[in-house]
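Both complexes shown next keep chain A, but they swap its partner, so chain B is in the first and chain C is in the second.
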Partner chain A sequence: MKKNSNNFFLRLWRHPKGRTGIIIAMLLVFCAVFSAYIAPYDPYDVTQRAEKGLAPSLSHPLGTTITTGQDIFSMLIYGTRVSLIVGLVTGICTAFLGALMGLLAGYVGGIVDTLIMRTVDIMLVIPTLPLTIVLTNIFGKSYFMIIFIFTIFGWTGLARVIRSQVLVLKNSNYVKAAELAGASRWHIMFRHILPGVTHLLIMSTALTSAGIMVAEAGLSFLGLGDPTAISWGKMLADAQSGGALLFGHWWWIVAPGIGIFLSVFSFMRIGLALEEMFNPRMKQGAGVRKLFKSLNNTYIQSVFDEMNEDDTPVASSGKEAVQA
Partner chain B sequence: MSDNNTLLRTENLCVWFPVRRALPFGQKRYVKAVDNVSITIKKGETFGLVGESGCGKSTLANTLLGMQKPTDGKVIFKGQDLNALSNKEFKEARRDMQMIFQDPFSSLDPRWDVYRLISEPMYIRGGYTKEQMEAEVLRLLHLVGLNEDDLHRYPSEFSGGQRQRIGIARAISLHPDFLVCDEPVSALDVSVHAQILNLLMELQQELNMTYLFISHNLAVVKDLCKNLCVMYLGQVMEAGDTQTIFHNPLHPYTRSLLSAVLSVNLDEKRERMVLNGDIPIPIDAPRGCRFCTRCPFASARCFQETPQLTPQGENHLVACHFPGIGMEK
Partner chain C sequence: MGKGYVFKRILYTLFIFFIVITLNFFIPRIGVEDPAERYYPAQGNMTDVEYEIIKQLTREQYGFDVSTFQQYLRYLKQLLHGDLGTSMQAGSPKVIDLIAERVPWTLVLSVSTMLIGVVFGILIGAYAAWKRGGWLDNAVLSASTITTALPGFFLALLFSLYMGFEWEWFPAYTDPNLVSSFDWSLDAILNVMQNAALPIIATAIGSIVGYAQNTRNSVISVSDEDFIITARAKGLSNETVLYKHVLRNAMLPIVTSLGMSVSGLIGGSVVIEQIFNWNGMGTLFLNANNTNDYPLMMGIMIFLSGFALLANLVTDLCYSLLDPRVKLGGARR
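And now, the complex of A and B:
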């Protein structure tokens, strides 16, 4: 196992897309963990009334906000925390729930399968955004709520994918061999089938996280996030209401935008790199190769067809010989 | 029927798979994958099972191993009816039966190394210490002709023949009495056929195992098996002593199979009997003899009446109304 996981990160690192993703993600994680040391000012400090609406300068690299005079660079650094935490936690929770449901549906089958898959069908048609607005209004605005809602509605797609993969693995010969050796259901599920879908889980965590980061920014922008926290979405909302456009303070808008872009970009890179690693057919240029292959095949087929036309059918002559 | 020499016996074994009806309340239909099969496998012998693809060989093997519940009939292993046992007893009884798979590429978990693969049955059974397990795995590795350098390699690093050796080591790790070899060499290169077959034979001698050898390679079956059973469309067509069947095939189907064996001897004059068409779908199996749609000698009676397995000489059973029809004497 150890050897495998080492290989796994090494392979991701060697992959050009994967490497960009990892480098940016590492940078973001570093910012999130050490934000207190990197940020030059306290972003929660709203009492710097004298330094409102400053343009970027050496002391304030990205200027300050117009309304409260907070340092935008510091806010940007601190915003990484919310973005990463919400994204990753939701990604992991979704992967966990999706894996559990997918495994149950695929491996146990029968009524459990029917129940889970019908639930998935229902969940898929419920629009998430209006529901989130309603629920945050009922239960209060917090990031926990956002994570909860996105997890509850996010596992469905993954569960379907996992289920189909489990169905394939369930009928594989090595599972049959394990059954013959007397393996219990738990043994097969956790030693053979779960390792067989891990790559899907890791990939989905990366891609879901990226999606959730955008969603979180969107919700914060709409004012549905935690009002006391500093997040990139909320920074955008503040910039909008604080008149950044009016005063031409573009840096106030661009800064969180770049933050969102970088985080989503890095996770997407990692996710896509994983997808290509596990499914080589996804590689760019695969389409061209496929085309060549099919052209070749049709050519070979035509050669065969010509050969068949020349030959007399073998089967009938053979039978005549027997009956004679 | 059953004596001390019998290891495994089936009585009128039927495995039918229900097919979804075309219309609601329509006639219920089945695929009769195995239909009324009775075979007896003696202790220590190699029992051959031949037939073309889709004739129910693998379904029969699965049923013998308890992987598939029979619709009707019994599987009696060491005097116990397998399907009447409780779950626990059944697991205990099945430890003595193992299987070697046709495809060594899909029957080994690609994420496991050789040590884990071979020790899995022992791990599942429990009761081994780590040292015992390691020693046992090494012993098995040597037994099948691999060495300890291979212990921590993955299946993808091995050739087909070596993988099949790993599969064999796994299968014999619990000292089974009965080993089902489901076309163990058909997925391998011709050059390693003999190696694997010799290995299997040596192991049989050494460990005193009984083999059910499923194959469509008649040349292999001829050399290895004492007794033989020819299946077509879920039913036994001809059964008995291998040499008798090879020298005196009485069923037209057996003869067509034998005529398809390639021979190195070019001068030999051979009867060539080529069948037309494909094996029918067993949902709508022909009413009379299963083989009547493709039999070159079929007469009206063959379409009406199902022939029973009837003895033709010592240890030779044939299911044909006209055994030996059309043979050049």
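And now, the complex of A and C:
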């Protein structure tokens, strides 16, 4: 098993898209874990009255905030934590819930299937952002709430994909054999069918995380996150209300923007690389690609690359969360 | 398309709407015994007696003095009469009136954004696909990476910073008297256009890129199909193939994504409206949230979900008109 997982990371690393993704993601994880050592100042220190609104310089690489004199570079480093934690935890929770629902709907079928698929239809109609605002009003503002809401709304797309895959696996001979041998439903679902869809789950975790990071920035921007934490979305909100626009302090806006871009970009790359690795249809594409490559037409290759990017059924689930 | 299919779709939509309404009814009642506590949360400087009086008044005003089931029936009856409830704002305006006042202003932004996106997006996307590997094609692909990895409001902030404050091309904040002083005169319309320019530009970019990429992929995948090769083999001209065969068939996925964006036309611009201080549905909802105006919030939720359901229904029916294959299956997919 261990050898297998090593192999998996090696394959991802060998993939050009996967490699850029992994490198950037690792860098971000490093920033998040060691923020206290990397950040030159305390980002929570709002007492530096003499240092307000400084332009980028050697001592403050990205300047300071106009309102409170916080060091923007240190805030940027600390903001990695919220983005990565919310993105990854939601991605993983969504994968679990989506897998469970998809397995139940696909394997058990009948009334369970109908119930789950009707729930999916309802989830798709309810306006997510207004509901999130109402729920944070009811339960209080915290990142736990945001993760919870995103998970509740994010599983639908994945469940559909898993369900259709399970419907295929259900009729395969090895599942039939297990049924005849008297294995229980739960045993078959988790021991025999789940391994058949694991690749979808890993892929969806990466792509959902990317989508959730964008959505989280939007919610934090609206002030729905934990008001005491430092996040990139909240930094943008502070920049807007703190006069960055008025005084033309573009660095205060661009800095968190680059943070969001890098984190989303890296997880998107990893997700797309995984998709190309796992999706059997893509392998056929690779065959054609080789053929074209031998004709020395590098462009066709890039078309195939990009076409693969667009057939991601689960990629949109996170992005839908905040339509703005 | 068969009558039975249309009827079934409509019935199903109504059923989903009923469930959404029921969920909506229970949301303000989550976690509290008495919804009055939700409507008026206790303030620190209130004595228990005072708070009890406030709660009693709220109960009477909003009809919480009967059992939950009776409240639910009353709520359904009220909705059947087209009444979304009464806001807690001063003067107790009807929620439906407040929504009706704001919807056109949100539509000004969202419809123009969508039109710009569809027109330019389809043109750019079709051209990019036709000249695969050209500069425009590459530009569309890199732009789509950037717009998916960046939240839309980040671009809006940058545009506000440069076009609004630095270069002063357009007003960065909407004129607060825009809505109240509007009287269909030429000046007023010009004023609206000027104020709406920045939010529209900021959102249109993402919309154009989205539709362009969609069109491009759709056109490319259609171009590889057998019937296009047949059309070419017949010796048809490039233009005939593009307009008569490729574009027509490439439109199907675009109609679907158009339908999806229609359902976001009213509720989808909360953040943009907040940035530019635009007086639309988004700011109405955020203000309702800040003042704990639950009747208004839940009214807006019902309105938005109803609109989304209607948009889905219409898209589905349009889709089955465009794609005859849907008829046979009886349902999409």
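As a working rule, the second predicted complex is superposed on the first by the 273 of 324 C-alpha atoms of A that agree within 3 Å, B and C clash if a C-alpha of one lies under 4 Å from a C-alpha of the other, contacts with A are read in each partner's own complex, and residues count from 1 in each chain.
We adopt the following convention: contacts are C-beta pairs under 8 Å (C-beta built on N, C-alpha and C of every residue); 3 or more make two chains touch, one makes a residue touch a chain.
All values reported here derive from a predicted model rather than from experimental measurement.
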Which superposed partner A:Gln240 touches (first chain B, second chain C, both, neither): second
Partner chain(s) touched by A:Arg163 [first = chain B, second = chain C, both, neither]: neither
First (chain B), second (chain C), both or neither touched by A:Ala178: first
Touched partner set for A:Ile260, first chain B, second chain C, both or neither: second
Partner chain in contact with A:Lys141 - chain B first, chain C second, else both or neither: neither
Touched partner set for A:His60, first chain B, second chain C, both or neither: neither
Which of chain B and chain C A:Pro195 touches, first, second, both or neither: first
Contacts of A:Leu129 with chain B and chain C, given as first, second, both or neither: second
First, second, both or neither for A:His15, with chain B first and chain C second: neither
Which partner reaches more residues of chain A (counting touched residues only), chain B or chain C: C
Shared chain A surface residues [contacts with chain B and with chain C]: 319, 322-323
Residues of chain B touching chain A in the complex: 65, 67, 91, 94-95, 97-99, 101, 103, 106-109, 111, 120-121, 124-125, 167, 170, 174, 271-274, 276, 296, 326
Contact set on chain A toward chain B in their complex: 4, 172-174, 176-184, 187, 192, 195-196, 314-316, 318-319, 321-323
Residue numbers on chain A that touch chain C, as the complex places them: 118, 121-122, 124-127, 129-131, 133-135, 137-139, 210, 214, 217-218, 221-222, 233, 236, 239-240, 244-246, 248, 250, 253-254, 257, 260-261, 264-265, 268, 299, 302-303, 306-307, 310, 319, 322-324
Residues on chain C engaged by chain A in the complex (per definition of touch): 16, 19-20, 23, 27-28, 30-31, 38, 132-133, 141, 145-146, 148-154, 157-158, 160-161, 164-166, 172, 213, 217, 220-221, 264, 267-272, 274-275, 285-286, 289, 292, 297-298, 300-301, 304-305, 308-309, 312
